């Protein structure tokens, strides 16, 4: 069993209105020391796969096809093998 | 002449679009469930607005994996006409039938308001009933209508005259004021404004009629060819 | 959070029910009627069912006084929603619901789930929901917490309504310090159906199946009903267990599936009800009680989102998007198949039984066995005595407001949050989906056509806590009158109301007085205007740290337009049209926006209301509209003449030239029963002949961008560009 | 300069229709081997602070007040000291 921690972010060239809004809000809260804000999505999938390579291929495909829109987003993920799943 | 309007779970403008095709344009129209797998026999396929599958991941993302999608792609590849409105536009982008993507509105709020558009390309099956550069007013109603494409794609689609409608007063931050555009082949249109909401004077305007008239003329002309 | 199930003796000693809103007397009453000590599940169910939210224990004696029937009413209060005949075999179904407490804690989800809940009430009757409205009251916008609430509540209402695809066609937004920590979030839904297909929430017929449909049950919103029945103290803001999350996508599927069941499987369906406040317990008990039946449920069959839930939690969960059906034995699969087609869970979880008891089984144990009526119709009713609040005994009338610079007062009034343009808020609601909205938000009422007929329905929500604060009874009548004026100005005949009664703690005699008195006022106006109360909802305990809100009944009213051609909006249409003012104007300032703005308080004796004159004026206006004589109509409400005239001009992009025999201050008086109308010049004589002395010609619509106003003492102009800037930018500026 | 990696997730008892939607989509894509899906938000802030303790206090407050809705969500974050910020 594998746990995939997946990060999906806007490409740096894409202006993210939500990150902009957070920046503005932080300014209003007087956090002038915050230099940059990135706002992305985080997924955790638990999946069964015969080995890490198989899991990695599957997760990659899931990200590419579904979880990220590669027109404007990039993704990365980390896999950890886990022994058991909590129901 | 036949039109199909695809109904995804969570579509909510499917009936409205079918009404416009059927009752206003007089085109024989079926609502086809997204769980179907064929679109044989339809000249026009409408992909309606709404919140397909709740739009919980990204607008249109999950819908683009519906059982109907292979048939829709085949229809488009064979030159069939496809019009995606609002969520339909988002679905077509997610499915790769149109370039680019739709992001959150710059204001981060949903906007429901009439918007002035310029018809910048009247040489398409979706807009030939309008005058070049005509200004029309159509309602928008979306939270994620901010059009984005990377610079190369944008340059290409501009060069190729794929943009059909531009906002006069950009409400959502769309690049190049893009409100609606076609694929490179010109047979697939996506637009955020709702022409089907502007086909009856009683409901406040008829500027959307041109879209339906254009489609009808196109199919008739194709049939005559 | 793991709940420990105390045994009956420990419950008696440790009194955990006090935290759930049940008093010791109520515990004793339950125990003696049961004839033994209740167990943890049973007393938990009692706490939900005997809450004000479910049992109306304080408000029922008041609700009984409402006028609920006329020859059009097909179904009055008592079911998910009321039903009124609108002819041609069709009926309109509507109800309103408050979600004040959840919205104070979690404004987005609180507002969203309020919308979700009221929609379920409508389709549970078998009606297709066609429109939503809201009524929102907040503190002042200079408070950042209030701005946050406004932003999130509006987003939540839009988030649910837009997604499910029901247009939000009207509503109201008020601002007053009284709501600073206790916002009012009321939502109303209107549906249309064939009048011979009315569905009731009944579970009858021994052996018939109880089917659970929709979202799985989780630990969300447990004790929500009793939570809504207790007041807020700041230290309770930390109590966040009651938050529910809405899933409009699921509800869309649920709506479609339930309507398919009510339309195409009528023979199989016995009854249907949504799971609202106090979830599964309230829906199932009410369905059994109304039908005079008993019920047994097996809780192991209830779809559950979380492991390890105890019966108490399963029964009191307020997870959203769930319905309960009673289905004829043998037809279970037919119904389940419909839901499966929509991808929804539907399971048989119990049966109607041949004894009048309510029984729950959990893991093989009988965990609840009580008489059905003990949880429902036998809940306590309190006949509270009212006591007139001191402020009403000797109202101190402030001096008459003095207007030194009428132009600047005029502009300043347009910038008051309660008066200013709300389009920056309602723009976030999809008002057009379903393509039936004839009049969008921004006029006096939302108007929605009924496909297949020439008819339309007009609808509005109105409230005015300030009037009631000065005089609960008269103020209550005024709110009904105002709602009716809004419909009449749109060309509709008012046909009925729903309400949300938002008040403070009813155990306080002064608050109970406000509730009881305002019900009297509402009733007198309803009778005069022929608008029975067909449904409603009560929200009491609207208090923060012991201070109650102004008594604020929200009236949702629906009107019928027989001919779409007579739909009328408030914007000026043509330069040259003649302007008429209907109704007399008095020195009526106590309780008005002018008083608040100039004197910083709401005080004095509330000005009078003449219901007969009100009705006469409304009839005259409606008659003129139906005769095709009126090009624009607008009622005069908050801000009086000045505000109404400006709104008509701004909406129509036209000016006006008017002469009135009023004082400068009277331009802002809020005298009831008044309208501004415009009439095409060639119809003015016919109009005057028809309406007579009730209407007074005061001027003309002009093509300019100025309002030229001549009063008894002054002549001045209002620049419409400046007026527009003030009116339209006031709220967006605050919200930045 | 510190980089804060912030994860915001729904509390386990709160219904997450978004994660449900993704699960359904994965089923439809024939990924029957995916056991569970968690869908959260991920933020990266770069901020100036005199030491890790100060940074941590600030990030905690930013999460509580702005980035997470503590009615329904929980958050956690990791801090890393970084030498320079890329513009």
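Going in written order, the chains are labelled A, B, C and D, and every chain counts its residues from 1.
The criterion applied here is as follows: a residue touches a chain if its C-beta (ideal position, glycine included) is under 8 Å from a C-beta of that chain, and two chains touch if they have at least 3 such contacts.
Just so we're clear, the structure is a prediction, and the values are computed from it rather than from any experiment.
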State the pair with the higher C-beta contact count; candidates are B-C and A-B. B-C
With centres defined as the mean of Cα atoms, the chain at greatest distance from subunit C is chain A
Distance from the CA centroid of subunit C to that of subunit D, rounded to the nearest Å? 37
Centroid from C-alpha atoms only, then distance subunit A to subunit B, rounded to Å. What do you get? 30
Quick one: which residues in subunit D touch 2 or more of the other chains? 17, 20-22, 24-25, 29, 39
Residues of subunit C engaged with two or more neighbouring chains: 247, 249-250, 343
Where in subunit B do residues touch at least two different other chains? 53-54, 56-57, 61-62, 65
Quick one: do these chains touch in a line, a ring, a star, all-to-all (complete), or other? other
Which residues of subunit C touch subunit D in the complex? 1, 105-106, 108-109, 215, 218-220, 240, 243-245, 247, 249-250, 305-306, 319-320, 343
Residue ranges of subunit A in contact with subunit B within the complex: 11, 13-14, 16-18, 21, 65-67, 69, 71-72
For subunit D, which residues are in contact with subunit B within the complex? 17-18, 20-22, 24-25, 28-29, 39
For the complex, which residues does subunit A have touching subunit D? 1, 7, 9, 22, 25-26, 29, 31, 33-49, 58, 62, 65-67, 85
For the complex, give me every residue of subunit C touching subunit B. 155, 158-159, 162-165, 247-250, 252-253, 342-343, 427-438, 440, 449, 564
